[in-house]
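Each of the next two complexes has subunit A plus one other chain: subunit B in the first, subunit C in the second.
And now, the complex of A and B:
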């Protein structure tokens, strides 16, 4: 029942896409299409939410479409339902936001038809129950998002981003195709149920793990496969950026969990070592690059890379515990990972919406041109600040809870028997803490430069507050961030059936604990009560304000800034984004970031201005991708000569090729 | 009855930390002056400063936003809640299960983020330089703190401070990992409280300021609240070191009035000793250049990581 209702809703989304093609020139098209998407997302959210909370049975459905001997199989279990909640929550928020934001779109015909297909594709991946349906849905998702990235294709940067995206997406799908091929075995059992029941050889499982890491990891943005992400995510319109960063990466995580936790069977301990290594590097590299960006949306995209790293750290720990039959800690780590995935969908969408609002209001993506927007856009600034606190893992918001759970999981890992893990996990814990701290620095910089200070360019000085639909969407997301932060027990209990299905156990039920605390293992070990922390902070703030207003002077005078006696009216004297990042650039400087600060100081008496040039290059791009790309272009150049040969040479080439082939046949026989 | 007593202990604790924080600051200033062979201000001078500031009018920059005006209260509240959750004279704090040591560190992180943000609000270059450096220090001090928490939690089997204190009281023993954690915690505490050698609380030389640079634009009651929050943070770190590494005298369980009295007395002694040692350290070394600080904090991070690794290898270290 739930499956057919879900599929019907997805069909409605596809129909909406067809409708969008027909009516995209009409003035009401934008509102109509996004309204339908919002409605469908809410329906899907309600369906998935009820099946997750009621812990209903796993539901199957086979439709006679797709490959003739296979059909299309669909299935909704707790894992699918949880990710459907994440995706449709993000989808609903993006559709609501787009009701306002979408009106600024210059060419709605390039966005409206693909947007519902994108939503449909993501939902379809989650309910697919055989490899063929999964891959088709996956490609639907990739191609529609690619089309959305190219919505503003006249911009040369966007066209380039789209090109790299389609290359990486095809590469990833190819890896997944091979992974499923290996899983299906020589008899071609493509249904997930059959794959689950089969036993696989050890080397094959390792190969599938690597392929899944490449396939799903490239979509999620795992280093070193993240290069497309900071290019493609910001290129799309902001509500689509939010969907790609906040939501599509979650579909990739779902794909990884489905293959590695569900289909592959009992994990080996060294798998977790590979994943933990990649994930912790991803987390730190992602946030370091985020800290260096001047484009607000690109900064957010790099921060997505970081958060994906954090989710994968949780998944790696869960695998390590599962491999050693430690079900309770595995449940804790797995819950932490899913909790963080949920949180990231909320606050990253919120931040992208805020960036979109800033972009609409000022037209500037470069944060060095912004500043002082808190006065012009107070409500956007407020919600953005909320998102900043959430993503920086600060209590009482939700980002802190998932990182806290992750630290608790790290603290359980000395019981792991393998030495490799014993030595690696403390370092992973340190990297996790480093990523969290750097993320706070990164978002203080982003908020401080964009919203605080004085306007650095006229665009920022004349900005106006964004429209009401966008604000409603952002405030809803902020409310959800706060709710997940102060009542985390509810979410942990909602994740419980997912963990029980995949790692064999779930965290102890949290709803029965008095006072809404969360207790991962035992109360003597650790507990956290978001509600009380929130209450404490609120009460002590109010008490302080009351006290100060009762007993202290309430006189207030506005005056020019003090600035040690030398205030300058020129906004260029403010700290810039680059100067804010300079200490971190210097500390992590040349090795990780390939950062160069070149100072060109004019000699005394020379009126020429001095110049400071800062270059930050992506070390992964330089070391892994640039050589490949160079090799390909050089080979292509060489082969290019073949285009301009005389007929004699072509004939001799054909003749030579024939001889070689015949020789080959002769030797083979 | 037990509940009322617990609530009373919690309430007393919250008021106590607030009341004692300026005194600790006064003590450090007095001792420092004496070590430099100066007379020094009275122990009560910080209280007088706070009252004086609170009575003055606020001079607000023309383009200061709502964040600038509400920031001090957020900073203060987050610090106060964190300080209220560290056991000082008794472990039976009613709300100690609300948040563990990781959450206390994160609450201080919340306060710091607000401080760094308000430093950038007016758009002056000094505010920016302070915020930028503060966040750079924090990006190393915070992971170091988490590593210290790991060491302590692995030894005591809990991240709850009350449990840690009770465990340390009952199973006190010299351990390598705890020694490493103590050194790391002292380094983190120096950096977090903007003390020498990381920052100089007495400086007004602009280019060396970090903490002072961020609060440069504040005046009147706002400045008073921020100063009180800074004093609370210093008290918090001294209490934290006392509670984890020197938990003697802290009243635990169903304690009677004598136990509480002993707890308060030993707590006061610990504060005095902690303040004294801090000043001795400060007067004996010079302030570092800003870009030496990452190495200093990196050492704390490595010590913490080493301690954690040792405990992962064997629980007996």
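And now, the complex of A and C:
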């Protein structure tokens, strides 16, 4: 029942795409299409939410399409339902936001048809129950998002981003294809049910793990496969950026969990070592680059890389515990990972919406041109600040809860029997802490430069508050962030059946604990009460305000602010984003960031201005991708000559090839 | 008797390879066409002998087609083309005759090694036939590669086709329809190439391939 309803909703989305092609020139098209998408997302959200909360049974459906001997199989279990909730929550918020934001789109014909297809593709991936349907849906998702990235393809940078994106997406799908091929075995049993029942050889499972890391990791943005992400996510229109960053990466995580936790069977402990290593590097590298970015949307995209790293740290820990049959800690780590995935979908969408609102209001993505927007756009500033607090993992918001749970899992690592893990996991915890701290710095910078201070460019000085639909969407997301932060027990209990299905046990039920506290392991060890923290913060803030207003002098005196001895009031004298990032750039400078500060100081008497040029290059791109790309273009250049040979030379090539092949036969046979 | 049949088949197939070498050796257009006609005659004999040995009367038809088309019509037509186009009577080669002959010997050795190994279990009649046929094909290709003139390339192409027919005749059970259609495709190819030759001549005043390459703006 739930499966057929879900599929019907997906079909409605596909129909909406066809409708969008037909009517995209009409003025009401934008509102109509996004309204339909919003409605369908809410329906899907309700369907998935009920089946998750009611802990409904696993449901199957097989349609007679696709491969003839296989059909198209669909299945909804707790894992699918959880991710459906995440995706449709993000989809609904993005559609609501787009009701306002989409009106600024110059070419709606490039966005409207692909947007519902993108939503449909992501939902279809979640319900697929055989490799063929899964891959088709996966490609559907990739290609429609690629089309959305190219919506503004006249921009050279966007075209390039689209090119890199399609390359990486194809590469990832190819890896997944191989992974499923290996899993299906020589008899080609592509149904997930059959794969689950099969026993696989050890080396094969290791290979599938690597392929799944490459395939799902390239979509999620694991270092070193993240290079496309900071280019492609910002290139799309902002509501699509939010979907790609906040939601599509979750589909990738779902794919990874489905393959590694569900299809592969009992994990080995060294798997988690691989994942933990990659994930902690991802978290730190992602946030370091986020800290260096001047483009607000690219900063958010790099921050997505960081958060994906955090989620994968949780998954790696869960694998480590599962491999040692420690079900309770595994459930804790797994719940933390899913909790963080949920949180990230909320606050990253919120932040991208805020960035989109700023972009529409000012036309500038470079944060060095912004400033002082808190006065021009107070509501956007407020929700953006909320999102910033959440992503910086500050209580009482949701980011804190998931990272706190993650640390609780890290603290259980001394019980692991392998010395490799015993030593590695605390190091991973340290990386996680570093990433969390850097992320706070990153978002202090982002918020401070964009919203505080004085406008650095005339566009920022004339900005106006964004429209009501966008604000409604952002306030809803902020409300959800707060709710998940102060009542985390509800969400943990909702995740419980997912964890029970995949790691064998779930966290202890939190609803029965008095006072809305959460207790991950045992009361004596640690507990957290979001409601209490929220209440304390609220009350203490109110009391402080009252106190100050009561006892402070009410005499008002306006005076010029201290100007550091410089009478110039130029906005350019303010603290800049680059100067904020400089200490971190110095610390990690040459080795990690390939950063160079070049100072061109004009000699005394020379009237030309002195210059400080900062370049930051992506070390992964320079060391891993640039050589490959150079090699390919050089080879292509060489081979290009083959296109302009004379007939006789072509014949010679054929003759030579024939001779070589015959020689091969003669020698080999 | 068995032995004699086999020996004659070998003699004729070997003769075909020998004529291929003669084709490679020619430096004058008229003698090239004459040798090509000779090769077609040897092919006719070889196929007819196969027909006799294998007791396959339909091969006589193949032999007849080879004789009429390849030994008479095509050489005659080609020599008329050469005359009417006023093509140079001498043939320009790439890399000289000597090295080409050496390369040809290498080709023959290679095809012997490959074929005798690959067909170890086959009927001895077909076995040698296939080895010789591959040699003829390789020599024809070698000729196409080492000649600059379009007419001699056509001759190379036709001699490849001769090799194919030899192989087809040696292998038992090749349907007649296939052979006839191959023969007609060669005829069609000849007509098409002939038309092209005249068109090329009209446009470039030459059938040297150099002229075409120059036209495409290439450096050598």
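Assorted remarks:
Here is the rule we go by: the second predicted complex is superposed on the first by the 654 of 669 C-alpha atoms of A that agree within 3 Å, B and C clash if a C-alpha of one lies under 4 Å from a C-alpha of the other, contacts with A are read in each partner's own complex, and residues count from 1 in each chain.
What we mean here is this: a contact is a pair of C-beta atoms (placed from the backbone, for glycine too) under 8 Å apart; a residue touches a chain by one contact, two chains touch by 3 or more.
Every value quoted in this text rests on a predicted model; they were computed, and no experiment measured them.
The superposed arrangement places subunit B and subunit C next to each other on subunit A without a clash.
For subunit A, the partner with contacts to more residues, out of subunit B and subunit C, is B.
By the touch criterion defined above, A:655 reaches subunit C but does not reach subunit B.
In the superposition on chain A, no contact is made by A:317 with either subunit B or subunit C. When both complexes are overlaid on chain A, the residue A:644 reaches subunit C alone and has no touch with subunit B. Of the two partner chains placed by the overlay, neither subunit B nor subunit C lies in contact with A:212. In the overlay built on the shared chain, the residue A:663 is in contact with subunit C alone; subunit B does not reach it.
When the two structures are aligned on the shared chain, A:248 is found in touch with neither subunit B nor subunit C. After overlaying the two complexes on the shared chain, residue contacts for A:278 are found with neither subunit B nor subunit C. By the touch criterion stated above, A:227 is placed in contact with neither subunit B nor subunit C.
In this overlay, which is a superposition and not a single complex, subunit B and subunit C have their closest Cα atoms 63 Å apart. The residues of subunit A shared by its contacts with subunit B and with subunit C come to none at all.
The part of subunit B that touches subunit A in the complex is made up of residues 54-63, 65-67, 73-74, 76-78, 80-81, 84, 95, 97-100, 102-103, 106-107, 109-110, 112-113, 116-117, 120-129, 131-133, 135-136, 138-143, 146-147, 149-150, 153-154, 157-160, 163, 206, 216-217, 220-221, 224-225, 290-291, 294, 301, 304-305, 308-309, 311-313, 315.
Chain contact summary for the complex, subunit A toward subunit B: residues 371-372, 374-375, 378, 381, 385, 388-389, 392-395, 400, 404, 407-408, 410-411, 413-414, 422-423, 425-427, 429-430, 433-434, 436-438, 440-441, 444-445, 447-449, 452-454, 517, 523-529, 532-533, 536-538, 540-541, 544-545, 548, 551-553, 555-564, 567, 571, 573-575, 579-584, 586-587. Those residues of subunit A whose C-beta lies close enough to touch subunit C in the complex are 644, 646-648, 651-652, 654-655, 658-659, 662-663, 665-666, 669. Of all residues in subunit C, only 94, 107, 110-111, 113-114, 117-118, 138, 141-142, 144-145, 147-148, 153, 209, 212-213, 216, 218, 220 touch subunit A in the complex they form.
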